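Chains: A, B, C and D, in written order; residue numbering restarts at 1 for each.
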Amino acid sequence: MTNEKPLLSMKGIQKDFLGNRVLEDINLDLAQGEILGLVGENGAGKTTLMNILFGMPVIQQTGGYKGTITLDGEEVHFSNPNDALMAGIGMVHQEFFLIPDFSATENIFLNREVTRYSLLVEIFGDRLRTLDKAAMNERVVQVIKELGVNINPDTLVSEMPVSYKQFTEIAREIDRAKIKILVVDEPTAVLTETEAEALLAVLKRLAAKGVGIIFISHRLHEILNICDRIVVLRDGKLIKDISSGQSDVKSIASWMVGHEIGDFAFHHTENHRKTENFLSIDHLKVLMPGEAVKDLCLQVHEGEILGIGGLAGQGKLGIANGIMGLFPAEGSVTLKGKSLKLNSPLDAFRAGMAFISEDRRGIGLLLTQSIGLNIAFPLMQVKGGLLKKIAGLFTWEDKKKIREITSSYIERLDIKCTGPDQSVMELSGGNQQKVCVAKVLALSPQILFASEPTRGIDIGAKHLVLSVLREINEKEGTTIIMTSSELGELRSICDRIAIVNEGKIAGILPAEAPVEDFGLLMLGE
Amino acid sequence: MKPKYSLKGALISNLVPIVFLMFAAFAVPMSGLSIPYLLHEMISRLARDSLLVLSLVIPVLAGMGLNFGMVLGAMAGQIGMVLVVDWGLGGMPALLVAALLGTPISIGLGYFCGYILNLAKGREMVTSYIIGFFMNGAYQFLLLYCMGSIIPITNPELLLSRGYGIRNSMDLPNIRQVLDRLVSVEVFGMDIPILTFAVIAVFCLFIVWFKTTKIGQDMRAVGRNRAVANGAGIPVEKTRILAIIISTLIACYGQIVSLQNLGTINTYNSHEQVGIFSIAALLVGGATAENASIANVFVGVFLFHLMFVVSPMAGKNLIGDAQLGEYFRVFVSYGIIAVSLLLHAWKKRHEMLERRLLENEGKE
Amino acid sequence: MNVKLRRNLLRIVLCLIAVAGGFLLSLVGMYHSIILDNSEFSGAGAVLSPLEGLRVVSETEPVEMSPGDRILVSAKGPSTTLVFEITSPESQQSRQISYTLRMGLKKQFFLSVPAIVGGEKNPFLAE
Amino acid sequence: MKKKDRMHKGGVEKFIANFGWPRIIIAIFLLLLFVIAPFIGIDVGTSLSDMLVRVGMNGILVLAMVPMIQSGCGLNFGLPLGIIAGLVGAVTSMEQNWQGLFGFGMAVLFAIPLAVLLGVMYGYFINMAKGDEMMIGTYVGFSVVAFMSMMWLRLPYRNPLLVWGFSGTGLRTTISLTGFWMKVLDNFLAIRIGPRFFFPTGSFIFFALCCVLVWAFFKTKTGIAMSAVGSNPQFARAHGVSEDRMRIVSVVLSTVLGAVGMVVYEQSYGFIQLYMGPLYMAFPAVAAILLGGATINSATISNVVIGTFLFQGILTMTPSVINGMLQTDVAEVIRILVSNGMILYALTRKGKGTVK
């Protein structure tokens, strides 16, 4: 590290989002030619920090931020991503920002095309300039050479291997006139090892040319390998800012995960029936975009609460979604020795399983309908409950019974609403989640999959949801498989916790195991 | 990875034109019509309709599907023609003045249509279809109630007997085929309207050239992926409106060319069928709502009109009922649109699923 | 000059050219109907009698007009030249008289042939 | 800045959407027409009965929109399929010279199985083309109308009252129901007040019956599942409801209602129009339900009833009033502008109208 003025300096960055502090007093410097590794669990605030740097509209819309950003010694305040781009900050997205049917050149020059004058410009304006393909190709060849990779400028992006798409994105960023800082968000997540190595080499070469790079990744060995300095964020706070020579995988992992344990004591249920092979999952493959499960095997004991943890994108959410038939799945799932028909939600329900979806508003609820209908729907469709026959011909909804059952759940779960007929849309997030819980409770399942049951809800609702889960586990012996990104929460309620990495179980640990061990499993180390 | 060009692939992607070609191969001998006669008909119809069909290409490029709103352009062209006839113009100047009059009207209507389509993203086709109907109401109101009362019409022959409103049909004696006949060559006893084809060629060249401009590139980007285009700073909505304006303009000129060829205007019907027939023709030519080329236009017009000319006669000779053939061609024009849209929607879904699979594999 | 200004000026000029062009084209392309009347003309003091042996030869097919005849000819463009051939019944000698009519954007004209032949300044008739 | 604009606009639109200003404006307009009418010599009694007869005539066709909208298939532009079934039912019943309520009943009975068949076929198409249902529906409808035009020429109907006189084959373009079952429903228990006012009780009872049946259907297990598919297909799928099956059921239901509605329409209209007649019949029905406040993905029975009354009211009153005032017949233009304007308005509504 040099003592010159840093290229980029973020001071005292603070950001509140709907009353929650998501970033607190972040101080961060980036020198010219430096590669800064930014690590942290999902939700630690990395994305928000980068959004602030880029002046993404979402930041403005949620009340802006506090603190100062200095670029090249000048204070800057970007109000939209274009300003950031003009100031020389480039970003390589995790999801490709490319048009598949366009060639590399066309993508690199999208809306920045090199054009030639044509007469019609005088009449119809500059958009009638013609494209100078030759000049663009020439420049692309040059940029690609600079990157040290071998891409044919005319190749369509859709026909490129993934790494080339990544290179195309990087090429686009560095072709911009005066790139100073390049932010790369999880670039290697989609790459094979050799591809990743090539990419890292490219980044190093860029850094050598004086570009400051912020490298976001979960692959710690990559971070250690490439970065000069490492910054760890956790829960919106900057935990550690350390040169990479002074750290190792294990300590980074523990900084990331932290030592906090939720407000719950460890959960120790002694009454596990511990039936082995109660639910066995063998070689499960789930095609869930962004959360793919690849050849996963897992044994669940009867009566336990099994936690499933892991970083986002590794496939932990895919397990429940796959078994419940929401995304195409392959492999075998056996419940008490009976094989379960996959890809059929109805069969999963009939086998005694139920599911609290992580996508509450998208999959979990009929937002425009009443609380009553939402709670009654699964019972009605799956078990044919809450229906009555009229004249022996028509099965009709039993309004009275629905009201009764809904009222009882409103009371039990303390759902704040005007009554069973209120539409779910009008409820707060926490109360919506309670409706989701009531919905599955009404089914009295043998096995309950709870995916992120406490995500985005307030503390009170969180406690209530978790204690209800524990209650049905203890009183009714329901086996619960709970997926959560919050390790603390998992440790507070589960008996065992399985960590998923790259679509497979990286390991299963008892809840009491040291936090570092979980961190290492998550990072696949 | 190189794209594979296989015979099977070529056959499948050109399935629709091939089926129609086969149908023609069967129906032409059945109809008993002579080849020279058919050839003559085809040349005349190619000259008449190509420009109209060509107007559909640009919106497809911009990802807005088949622009049923092209009838707005046809209406504009017709309004221009009616005024020109009223003013007593004839010959080439009449056509040019009609085009000049139609231009601002088309731009206005195209802007309106594009604006509405921006409000209905993802449902462009059905919305443009309804816009066509809606504006047809406005058109009727204009011609049936405003012309001759608010808008002065000097030629009483154009007006209905009640004193205002344009008649149902009018002849264009001084305009009939002036473009076609101005420069034409006789080949094997057939008049080939060189100038008309030259006009069509100019517009084809325009489209080809247009694709190489900045705005053409922007349009392609918007058509392929709106989100990415928007992210790159391309003014998506403006670009889409422009695509519709260009389409409306070409349709306006196309309608003028088509009317001079026919020599009569059916004031309240000429434009109505134009949308359906043009779209059917383009689809018969092998285009889809996502991909349309100039070749599709000509192949389509040729095959569609061949079917159109041949099927009533073939129906008569085969079943002894010309009326049946008449209905058959209506059935085919609607059916071809239905089937193409179905195939297109089906393909789109499969591609989406496939992409999802690929993405998954990519991550493995 | 500022680019924007230059272009806007150019655009305005082009629009004007289009309008002017439209106007010119209308002049060139407009069909006018001319009614020729071969009956007694009484204007500015003189009374001119209908002509015998009158033929309008400027038409593609020459038309003969007996005294008292009225014919409708049509002409295109801003002006037209009408050519009359008058053959005197006695001498069988014929003379040609051409008359250039400036029509502008007016659609109908009603002309007296005797007045034209007689060199009247105002050969127009009222309907 | 741009985004802000859009958000702001969204807010205003939402407010208007919830308030439903087109409905209010049109209701006031209609009321105004009824107020003006007597002053320009139009008899309110006749107009009112005209409107009521038309409501009874068209109501069920509008009702046929509901199942498909509720299951998320959008507006049923494929209504001509149901209409075709209704036509075949009617012609078949008439071929046998069946008369009165029996003839009407038999027409309905013949129409339903065909409607089910066509509905299943149409349903498969609709499922193939998720997201493009409306466009496909329009053209499938058109194609079937054209196809049936060929069939009308060829089908072996022989009753001389139905077929062309000179050739003995091929159904006529327009067939009169006089002597069969013309106005059997309209006249059933009809109420006549004075010389001019007429209330088509039978048609209204039948319309009400159908409304109640549809309403009741949406309270059954299948009906609830169908609405769930419409409002959140992912939710429905996650709870073991087959989206595709529900959509097909809804299409069949819509088509059957269309067929029944057509037979009712015919008895009241007094004529059967074959060949290209049914081509555009979906549009007024679509416009009516939208006028009643339905959107592309939500419709209720009240939308149907309100919409039918308003739409038919406008259609009867505007031409006669404007005729009376200006001596101009602008009926056709107004019909085109109102109905297509309504559809356009619904298509461009943001948020709620989005079909995913």
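By our rule, a residue touches a chain if its C-beta (ideal position, glycine included) is under 8 Å from a C-beta of that chain, and two chains touch if they have at least 3 such contacts.
Please read all numbers here as calculations on a predicted model, not as lab measurements.
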Intersection of the contact lists for chain B and chain C: A
Top-ranked pair of chains - ranking by C-beta pairs in contact: B-D
Relative to chain C, chain with the most remote C-alpha centre: A
Distance between the centres, which are taken as Cα means, of chain B and chain A, whole angstrom: 47
Approximate Å spacing (C-alpha centroids) for the pair chain A, chain C: 84
Centroid distance [mean C-alpha coordinates] between chain D and chain C, Å: 61
Pairwise touch network: line, ring, star, complete, or other: other
Pairs of chains in contact (touch as defined earlier), listed by label: A-B, A-C, A-D, B-C, B-D
Of chain B, residues touching chain C in the complex: 87-94, 96-97, 100-101, 154, 174
Chain A contact footprint on chain D (complex, rising order): 3, 216, 219-221, 224-225, 227-228, 231-232, 234-235, 237-241, 298
Complex contact set, residues of chain B against chain D: 116, 119-120, 122-123, 125-127, 129-131, 133-134, 136-138, 140-141, 144-145, 321, 323-324, 327-328, 330-331, 334-335, 337-338, 341-342, 344-346, 348-349
Chain A residues within the chain D interface of the complex: 57, 61, 324-326, 344-349, 355, 357, 359, 362-369, 373, 377-378, 380-382, 384, 387, 394-397
Parts of chain C lying in touch with chain A, wherever the complex brings them together: 6-7, 10-11, 14
